[in-house]
Structure formats: structure tokens, C-alpha cells
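In the two assemblies presented below, subunit A is common to both, partnered first by subunit B and then by subunit C.
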Partner chain A sequence: MSLKPTIGMETHVELDTESKMFCSCKVVETDEPNISLCPTCLGLPGALPVPNKKAIEYIVMLSLGANCSITKEGMFHRKNYFYPDLPKNYQISQFDFPVGVEGSLEIVIEDSLHTVAIERVHMEEDTGKSIHLGSGRIDSATSTLLDFNRSGVPLVEVVTKPIISSAKMAVAYIEELRQLVIDLGISKGKLEKGNLRFDANISVAEEGSDELGVKVEIKNMNSLKSLEKAIDYEILRQTKMVQDKESIIQETRHWDENKQVTLSMRTKEGSADYRYFSDPDLPNMVINEEFIEISQNQIKETPEKKRKTLLDTGLSLSDSNYLDKGQRWLYELYLSTVKETFDCKSTFNFLTGELQGQMRKAEISELPQWVNSEKLAGLINLFENNEVSFTSAKDILAKLLIEDIDPKSFASDNNLIQSSDNDEIKTLVTSVINENQDIVERLENPEDKLVGFLVGQVMKSSESKVNPGSVKEVLLKELFG
Partner chain B sequence: MNRNIPSISKLNNLFLDKELKPSELFEQVYENASFTESILHAHLELFYDEGLENSKKSDERFLKGESIGKLDGIPIAIKDNINVYGYKTTCSSKMLSNYVSPYDATVIGMLKETGSTFTGKTNLDEFAMGSSTENSAYGPTKNPWNPDYVPGGSSGGSAAVVSAGSAVASLGSDTGGSIRQPASFCGVVGFKPTYGTVSRFGLIAFASSLDQIGPITNTVDDARIIFDNIQGYDPKDATSIKPEYTEPKNKKLKIGIIKELMQEGVSEDSQNEVNKVTQLLENSGHEVVETSLPLTEMALSVYYLIAPAECSANLSRFDGVRFGLREPASGSYEMMNKTRAVGFGEEVKKRILLGTYALSAGYFDEYYGRALKVRSKIISDFQKAFDDFDFLISPTTPSPAFKFGEKTENPLEMYLSDLCTIPANLAGLPAISIPTGLSDNNMPLSIQLMGKPCSDYSLLDLAESIEDMVSFNHLPKMTKGDK
Partner chain C sequence: MTKDFNIDDISNLASIHLEEKEKLKLQKDLEIVLEHVDALKNIDVKDEKIDIHPLSKVLELREDESTPSLSHEDAMKNSPETKDGHFVVPPSIE
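Take a look at the complex of A and B:
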């Protein structure tokens, strides 16, 4: 029996608005607890919510970016449950009329494109934070500390259809969604800060079957790495259970980072009843054409658009996706540099390999202002045209990162320009052949590894001032005619 | 009107003519309160020091000829479910016995701007749930007309203080009749404005889609003055509206008597008042016709699904975590459970349970969902009625004030006392109760007028003309000098 996994993702995106969702308190990023509060986000008696227009604009942008249709007359609902860090003991959320419905995101796994169908995009408010002392769990804590700074911060929940088929695909989806919110400028998108938090619903079923297996929800995955591991673990666990004829129960499990396993949190005995009903404090959310247009006009960039631009320069899908998900400056630097090199692959390799590598080594996060696409393109062209060796190009780059030099003049001033003079090479080749007769005699064909050794000897005798390609050419001609 | 306390306009003239100082009025009102409170228990807290200080500031303004307006120096009582900065807001609940509000309700901020002073906070049924103040955790308020009788509720304290002269006017809140019914029982004017015209920010919610703050006063003009100073769009309340007030088309009005509120279940006393007023209206040239609004008979049932459903969520925030009562326990959930078990009274618990049930999976459609549908039909029925009529008339209550304990054993009968007032809340309409006569046992009787949304000022005008015609000039027992 062959089993296939089915995964659906629920992702909470914290919006990067100035103020909270239903009050004018500032959204703050601080460890100092309880400094940005008011009667509304603290749930004090008599306080009322007023929606943040910017947040609605942002969720419409996200919905449009995820190719959703927009619900013209949406509604806020109250989701009722008791928890100490939920001040009103209900969360203002959306139920049957979410802002965005029926969308899709294009994602890249290695070198192929896939589509993830989005079921809904809805608006809600965040809760406060609980710190359960003594145990980490509410039921066994010795005491609980509460920080309401996060209470009322606007959150968007993005829910996919259950159509993701592997951990890799889930990771690629989260990467795409994360890039989307960053490119839209609606969230900082930092996983480590909890700007994006995701749960995975996983089930396994027989290959070819129309029915899905029993769904298990996995929480507490704080990084893409733990997301991938948790899903892989859970698929394995469920597969083994099915093979052992054990029945899977519908439950919520959390990923234990230390033990690298999923552990049962609570079983859903007839799932929780949140008693959703439309919030009488908030009138219906009317999103008209004009508002949609305003939101649409705010969209300057999406990862999908960026990827298309990159593909158009000739890059492969996986390289395009790599730059798409990387830092913005690198993406822009690539585009402006490739315009002057006309060589997408070597430009990509040099920028993502050499440049980023050297920056990492030198521990600089930002390019010095004199390092622009013109200089980098000049440098790339130098070694692409065999005017300098790749080793010299690396040295020139190192210099360029600390000093404003012109790569070409630096190369000639420092005697780094390679010779392509055939007479000079011929002389060097002849003397190397003479000095290595024993090796020459062992050569069987032009593909022999020893050819490389001889080329190396010529390079050495020239102190790397000649072009290795020309050397090889002359050498083979001398040896094999 | 012959009252022991003159109307706000008259008081303002006395201040302007330097015949009376605001601080003298405040002292007089406070003296009334000192005398009546021990019997009535209408105020939960009196703000003597700050009230006197504020009225002295009014003295200064009048002296310098810099008075702010008609409410300058007028002592007003505030129902204790409306937040006043720095004072306790208890909602007459044990849950909030120690809760001090860190902010002013919007209406309080607006009243402070008018130069009025606050006498204190008034008693109510716990969290405004009730029709007699018998549900107050701090004991009931007595009716100034006869302390054996309830003052009505939930704004029983706010109605009693005005009736007894221990405040010139008061603010109440009305979810299903909580301003109009006690006003009726205490022989004063109670006005529930159009939903959304007065901000709810700072009013501790019972049922958000029904709650409305409004004035309880001696005269219709007093109600108009208070309303004028508290109405208007509030950016802090998303349900607040920018009202465009309407005027009737003709001077000669067409008024409908709601047939369903003039039949069995409504006492003859109460019906007679409507007939009496009808006669007076006809005499002054208006047309009064009986009309049928069949769905009003379902209003009570709809109300008792919608209001509890909303309150079940609104009252979730009282959990002992951040403010108010906290019962010690070994864990968070146990603490919340115990706090709510101890902090809420029986009626509140009953309504939370009712509402929780009505919203539960499997019951939602049958109860809450259906109630919403009927509610929108009730609204459209009223819309149709107001195509034909400028205003509607009915009794305010099915019967005059009842005695303590009379209806506590039978909650359905208690709920019926809001029969005539609930429809206006469901439809968001302005409605006013004005006293028109006395029953055989000398308890006040009244009529209710309803108008279409935003007809508030013209509704007040009509009420004032009826007030003139009936000239209700009786005084409650419990006034200064009695006893």
C-alpha cells in the first residue's frame, strides 16, 4: 500500500502598521512589557474597537498579491474562548466573510514551478503574550506573567487548501508568502520575531484515494528548518501508524525542538466551539472598487513579478528564485550589473558566490557606496574576457571592498593582466615539454589528466600571467598536432 | 411643570439673574440626597467634594458673565455603568466592586465640557440586566412614590434620583427599556435616542447592538438640553453615526397607535393613558389611527435571544485577570471560573448561559440566527409604518410600578414589563416616555412615543406638546419636607 501525505498551511502574518488593529496604540518591538496599552487593547469595560484603515488596505494588498477575489461586504466576528492573554476573552476575527477568497501562489521547488491554492485571507487581532513560569504550560504553571504589548496588533491569517504534498513544498510556500509580504511592504516578515507564524495540518491517505486521512495539526514550528523536519517526522509517524493498522486520532501536536518529535497537546473531542457571531461593535466592512484600486496601486512589487524579470535576463528558474528570495539590494545589483555584462550566469555566480562570500568573510552587511554595478560589471568582464585570471579577479574584488579603485586600472597597475601572446606562450610551452619528457611520454590522448598538470606547470613558470585557455590550446597543438 | 426642582432652563435663568448660585443648587440637591438616600438607596456613591468644587467654578463663571451654556452648574447623576475617570464603575456587580475607571466615557467628557457637575453614580440592575433594580448586588433602589414599589430598571437609580430631587437630571442606558420603564415607574421623562446618535464609548456594554445612553429628566425640555449636549458622531465608537435629523412633513401629524400593545397583557390603566393622550392630540388637530405591527409580538422573544447572546461575549472580559474581583485559586482557569462564579449574580449568570446556548454550534441557526432574521423583519415593518405615520404611540409599560418581590419568582412576567419598550431597541428607533397620570394606588402612568431613526428632535417636540396638554403636576411622596 502506497501512502501520500496531504498538507494544508495556516499562516499568521503580523502586519507592520504604525498602530494596532482596533485602537491607536503604537505597535512596538520591545522586551519591556505592557508599555503600549489603552482601555481598548486591554479589554477594559466600556472600551470599543475602531478598525485600522491601513490594516484593511494591507490585507487587501495581500489578498490581491495572492490572486484572491475580494469580499465586497465583509464582516468581523467574535471568536469566543477563554485565555488569560486574550483580554476580552474573545478575539475579533473573521468567519464566513473573509476579505480574500480563492486565490493562489506560484512557488518554486528546485527547478520547477508549482501552484498552491489559497482558500482564504482574513483579518484578526493578535493576543497578548503569556509566560508560564515553572512549567511553560498554563495548567501546570506556578504563575503566569502577561504582556499585552502585542494585544490588538493586526494579524492576517492565510489558509491554503489541503494540497501541499511534501515538507519541501510547504517550505517553498512559506518562503513565497514571506517574500510576498516583504515585497508588498506590509510586514517585516521576520520568522525569528514571530512576524510569520505557521501551523500545518497533515494527513496521510492511500495513493489514488479521493478521501483525506485523519487530520493532525502541528504547532510550534518556529523556523523553516523545524517546519520541514516536523512535517517529515509527522508524515513518517502517520505512515507507520497506518501500516501498523493503528488508527490516527484528530489532535493538535506540537513540535518539540529538543527531542525532534511531535508530541500530543490536546485531542479534539468534537472540536472546540468558538460560538462565532458577527461583532455588534463593528459595522460591516465595505470594500468598494475605489478602495481596491487604491490598494492595488500600492503594490509595487511581488515575488512572482521579480522572478519573471529575473527569468527574462536568462537565469534559470532556481537561480531566479534564489535572487527573488534574497536581499533586495542583491536583486537590484544583479539586474543593473547584468545589463552591462550580458552574461547572466557568470554575473549571478560572481555576485552570489564571490561577492557575498567575501562580504560574509569581511563581516560587512552593506556594500560600500563606491561598489556599484558599473565597477562590478567591469570586473566580471575582465575575467570573462580572459584579461585577468579568476584568482586575480577575487583579489581585485577584495581590494574593491575596502578601497575605491577602478578594477581595470588596478589590474594593469598591478601587473595582473594576462598575456594572450602566442609566441610567448609557445616559448614557455616548449620549455615545459622539454623539462617534463617523462610525463609527455605517458600521455595517451588530449583528455589525459596529465595535460592539466602540464598546463599548470606553464602557468607556474609564467607566474600566472598567461591565460590558461590559450596555454592549453598551444600545448595540445604541440603535443597532438 | 410643578416640581420641587425647576427645569434646567429656569435654573439657568436663576443663575443668570444671580438669584441662585450653582453651588447653592448643588447643596440643596445634596441635602435632598442626604435626606432621601437612606430610604431610596438610589445613589451608589455621591461625589460631594468634587461636585461642590465644580459648582463653585460655575459660580465664578456666572459671576464673570462667562457661563458656558444651559448645563453650566446643573447637577447630573450618572448611571453606574458609565465610566467617569477616577471613580468606581461597579455596574452594581460584585465583580467590579473595586474597579476604578482610568478613563471618561465620551458622554462624560462631553458633559464635563458643559460645566455641569456630577452628583454621583446611581444604582442599577447588575450589568443593566433587569427591570426593577432588584438585581443590584448592593441592594435595590426604592420608588420615591412609594418605597414598597420598585423604581423600575435597569436605570432605577437614575430615575429615582430625578424623581426625588437628589439630582436635576441623570444619564441612564437603555437596552430594552432601561431608561423608559424606570422613568415611567418614577413619573419622570425618559428618552432613548436613535441608536448611534450618542456614543457608547465608555458605557459598559450589556448588548452592544441595543445599548443606548440617554437622559432621564423632569421635563421634556430638560431631556432635549441633555441630549443636545451628548449627541454627535464619536470616532471612538464604530457604530456611531453622523446624524441628519429629520422634521415631519406637515404640521398636522399622523400618529399610529400600535394595536398589538393595546390588548390583553397590557393593563387597562396603561391603555387608558394612551386613549387620553389620543383624545388630546386629536383635539389639537392631529390624526391618530390604530395600526398593526404584528411582529412586535415577537420582539420580546427576539430580544431574549439577541441580548443574552451579545452579553455572553461582552461579559467574558470579567475574568479576574486584569481588573476587578479576583478569587484566589491554584491555577489560571480555576481562578477565572471561581471569580465568575462568585462575581456575577444569578440573573447575569442566567443570561450568559442563555446567550452561550443560543450561539452554540448546532443551535445557532435555530436560535440566534433566526432571531437576527426576525429582527430585520421588525426593522422593515417599522420602516413601512413610518411611510404612513410620523410617530407611533403606545403605553411605556404594560402596568404601573409593581411591588418588591412581586415578579422575582417569575422571570417571564418580569421580562414582560419590557414588552412595549423592546421594539424601539431592536429597530434602533428614538423613543420617549412621559408621565401622563396616576393609577388608583397613586403610582405614575405614562405613554411612549416612537419615531423613525434621527427624528429625535421632532419626537421631543411632540412629547413636549403632550407634556403641556396633560400637565402632569403630581409630586412623589419622597420629596423634601415629607415624612
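Take a look at the complex of A and C:
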């Protein structure tokens, strides 16, 4: 029996607003606990929530960016459950009428494009943070400490349809969604800060079957690496259970990063258990055409658009996707540099390989202001046209990162320009042949390794100022005719 | 117990402890509520516009501006126990 996995992703995106979702407390990023609180986000009786307009604009932008239809007349619901990090004992969320519905995101896996269907995009509020004291193990804590600074921070949940078929695809989807919220400017998108948090719903079913297997929800994956590992582990676990004729129970499991396994947390609540009902404090939310247009006009860039721009320069899909998901300055630098080099591949290789490598080595995260596309294009052209060796190009780049130089003038001032002048090369080659007669006599054919040795000797005598390709050509002609 | 609901599940979800006597009373009350809802379910509403909220007022949004919050001391005032600026509650693991 062949089994296929089906995965649906639920992702929470923390929006980057000045104030919280339903009150005017400042959104703070601090370790100092409980400093940005008011009766509303503390869930004190009688406090009334008033939604943040910017957060609604942001969720409309995200819904549009994920190609969703916008629900014009929506509302907020109360999702009821008891947990200390939720002081009201309900979370204001959306149920029947989410802001965005039926969208899709285009994602890239290696060198191919795929589509992930989005079921819904809805608005809610974040909870507080708990710290469990005791042995360090969450299930044997002696008491729990609560910090409500995060309580009420605007949160968007993006839910895909169950159509993701592998861990790799889930990772590519999260990368795309993360880039979308960054490009839209609506979230910092930092996984390590919890700006994006994801759960995976995983089931396995017989290949070809229309029905899905029993769904297990996996939580606590804090990085793309743990997402990939947790999904792979869970698919294996469920597959083995089905093959052993054991029944899978609908539950929530927790990814244990240390043990690299998923562990059962609790039996999953059905949505009826949350007793959703419309929040009487919040009347209907109307999102009219004008509001949608204002939100639409704020969308300057999406990863999909950026990728198309990159593809248009001639780059492959995977290289385009690499720059699309990388830092903004690198994307912009590539586009302005390739306009002057007209060589997408060598520009991509030089910027992502040499430039980034040297920046890492020099421990600089930002380019000095004098390093611009004109200078980099000049340098790329120098070695692409064989005017300087690749080694020299690397040296010039190292210099450029610490000093405002013109690559071409620097190369000529420092005798780095390679000669392709055949007469000069011929003179050097003749003298090397004369000096190495013993080796020349041992040469059997043009592929002989000793040819390389002789080329090296010519390079040495020229102090690397001649083009090695031209040297080999002249040398072979002299030796073998 | 009727087939429709289990009073223990409901008291559990609501985190309310009920004595046996209370359970019986609430069981009856909730059955009446369900019967009432069943009666509502029989009304033909297919030509009616969905009225999703009891109020006809439309939600007002506020600008994204922050205002001063409660002082840390005031925010913590009602808490029976605090530690290092946190609220302390009993262990909360299911």
C-alpha cells in the first residue's frame, strides 16, 4: 500500500503596528515584563475593544498579496478557551467571515513553480507569554509567570488548504509568505523573534484516495529547519502506524527539538469546543471599495513581482528566487549592476559569492557608501573580459570594500592588467621553453599535466600579468604546432 | 444524558465545577434551550439576507496611535502574587 502525505499550514503573522489591535497600548519589543498594559489588553471587566485601522489595512494588503477575495461585510468572533496567557478567557478572532478568502501563493521549489491554495486570512489578537518555572520541563512546572506585553498585539492567521505534499514544499511556502509580509512592509517577519509562527496539520492517506487521513496538528516549530524535520518525522510516524494497522488519533503534538520527535500534547479540540460566537462589543466590520483601494495602493512590491523582474534579466528561477528571498540591498544592487554588465550569471555569481563572502569575512553587514553598481560592474567587466585574473579581481574587491578606489585605475596602477598581447606572451613562452628543455622533452601530448607546469612558469615569470588562457594557447602552438 | 450533549463536557469546557444536583437542573434547562433552537432551525430563511450581527451600527476603527498605558505598579495591583515583574499563576500545563 502506497501512502501519500497531505499537509495544511496555519501561520500566525504578527503585524508591525505602533499600537495594539484593540487598545492604544504601544507594541513593545522588550524583556521588561508587563509595561504596556491597559484594562482592555489585561481583559479587565468592562473594557471595550476598538480595532486598529492600520492593522485592518495591513490584513487587506496581505489578503490582496495572497490573491484572496476580500469579505466586504465581516465581523469578529469570540473564541473561548481557558489558558492563563489569555486573560479574557476568549480571544477576539474571526470565524465565519474572515477578511480574505480563496487565494493562492506561487512558490518555488528548486527550479520549478508550484501553487499553494490559501483558504482564509483572518484577523485576531496575540496572547501573553508564559514562562514555566520548575525543573525546566514544561509538564513538571511548579508555577507559571505571565507577561502580557504581547497580549493584544495584532495577529493575522493565514490558513492554506490541505494541499501541501512534502516538508520541502511547506518550507518553500513559509519562505514565500515571510517574504510577502516583509515586502508589503506589514511585519518584521523575523522567525527567531516569533513574528511568524506556524503549525502544520498532517495526515497520510492511501495514494489515489479522495479522502484525507486523520489530521494531527504539530506545534512548536521555531525555525524552517525544525519545520522540515518535524514534518518528515510525523509523516514517517503516521505511515508506520497505518502500515502496522494502528489507528491515528486526532490530536495536537509538540515538536521536541532536543529529542527530534513529535510528542502528544492533548486531544485536539473541535471548533465546536471553542464555542465561537459573534463579539457583542464589536459591530459589523465593513471593508468598502475605497478602503480596499487605499490598501491596494500601498502595495509597492511582492516577492512574485520581484521574481518576475529578476527572471526578465535572464536569471534562472532558482537564482531569481534566491535573490528574491535575500536582503533587499542585494536584490537592488544586482538589478542596477546587471544593467551595466549585461551578464546576469556572472553578476549573480560575483555578488552572491565573492561580494557576500568577503563582506562576511570582513564582518561588515552594510556596503560602504562608495561601493556602487557602477564600480562593481566595472570590476566584473574587468575579469569577464580577461583584463584581470579572477585572483586579482578578488584582491581589488577586498581593497574596494575598505577604500574608495576605481577598480580599473587601481588595476592599471598596480600592474594587475593582464596582457593578451600575443607577441609579449610569445617572448615569455619561448624563454620558458628554453629554460625547461628537460621537461619539454618529456611531453607526450597536449593533455600532458606538464603543460600546466609550463603555463605556471610563464605566469610566474610575467608576475601573473598575462592571461593564462592565452598563454596555454601560445604554448601549445609552439610545442605541438 | 441526551444524545445531543454531555453536561460534563460543557462544564469542563467552561471550567465550572457542578454538583450532581446542579447538573440535573442545568441538563433540563439546556434541553429546553436546544428545543427552542430546533424550533428556530425549522424556519425557512433561504430568501432572507444574512444578518450577521444584532447591531446595525458599523464598526468604527481607530488610528494606529499609542497612548500611555497603566503604570507597571497599577497593572500588577490586583495580582495576589508577582515575581520579577510577572504575574504568578499555578502551573498551567494540560
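What we mean here is this: the second predicted complex is superposed on the first by the 437 of 481 C-alpha atoms of A that agree within 3 Å, B and C clash if a C-alpha of one lies under 4 Å from a C-alpha of the other, contacts with A are read in each partner's own complex, and residues count from 1 in each chain.
Here, contacts are C-beta pairs under 8 Å (C-beta built on N, C-alpha and C of every residue); 3 or more make two chains touch, one makes a residue touch a chain.
In this text, all values refer to a predicted model and were calculated from it rather than measured experimentally.
Engineer: Contact-wise, after the overlay, does A:Ser19 reach subunit B, subunit C, both or neither (first, second, both, neither)?
Structural biologist: The answer is second: A:Ser19 touches subunit C but not subunit B.
Engineer: Quick check for you: in the superposed arrangement, does A:Ile402 touch first (subunit B), second (subunit C), both or neither?
Structural biologist: neither
Engineer: Could you look at A:Leu236 and tell me whether it touches subunit B, subunit C, both or neither (first, second, both, neither)?
Structural biologist: So A:Leu236 meets neither subunit B nor subunit C here.
Engineer: On the A-aligned overlay, A:Ile131 touches which partner chain: subunit B = first, subunit C = second, or both, or neither?
Structural biologist: Touch partner of A:Ile131: subunit C, not subunit B.
Engineer: Per the overlay, which chain contacts more subunit A residues, subunit B or subunit C?
Structural biologist: The partner making contact with more of subunit A's residues is C.
Engineer: By the touch definition at the top of the document, which applies to A:Leu42: first (subunit B), second (subunit C), both, or neither?
Structural biologist: both
Engineer: Contact-wise, after the overlay, does A:Arg78 reach subunit B, subunit C, both or neither (first, second, both, neither)?
Structural biologist: After superposition on chain A, A:Arg78 lies in contact with subunit B alone.
Engineer: Check whether A:Leu282 is in contact with subunit B, with subunit C, with both or with neither, and answer first, second, both or neither.
Structural biologist: Both: A:Leu282 reaches subunit B and subunit C.
Engineer: Between subunit B (first) and subunit C (second), which, if any, makes contact with A:Lys88: first, second, both or neither?
Structural biologist: Touch partner of A:Lys88: subunit B, not subunit C.
Engineer: Could you say whether A:Leu146 touches subunit B, subunit C, both of them, or neither, answering first, second, both or neither?
Structural biologist: It touches subunit B and subunit C both.
Engineer: Pick out the shared contact residues on subunit A: the ones touching subunit B in one complex and subunit C in the other.
Structural biologist: On subunit A, the residues that contact subunit B in one structure and subunit C in the other are 39, 42, 50-51, 80, 82, 84, 89, 138-139, 141, 144, 146, 273, 275, 280, 282-283.
Engineer: List the residues on subunit C that touch subunit A in their complex, please.
Structural biologist: Touching subunit A from subunit C are residues 13, 15, 52-67, 69-70, 72, 75-76, 83-94.
Engineer: Would you mind writing out the residues of subunit A in touch with subunit C in their complex?
Structural biologist: 17-19, 24-27, 32-39, 42, 50-56, 73, 75, 80, 82-84, 89, 96-97, 130-132, 134, 138-139, 141-148, 265-266, 273, 275, 278, 280, 282-286
Engineer: Please name which positions on subunit A make contact with subunit B in the complex.
Structural biologist: It is residues 39, 42-51, 78, 80, 82, 84, 87-90, 138-139, 141, 144, 146, 273, 275-277, 280-283 of subunit A that touch subunit B.
Engineer: Flag every residue of subunit B that touches subunit A in the complex, lowest number first.
Structural biologist: Residues of subunit B touching subunit A: 81-83, 89, 91, 96, 99, 101-103, 105, 200-205, 207-209, 235-239, 309-310, 312-313, 316-319, 321-323, 331-333, 336, 356, 359-361, 364, 368.
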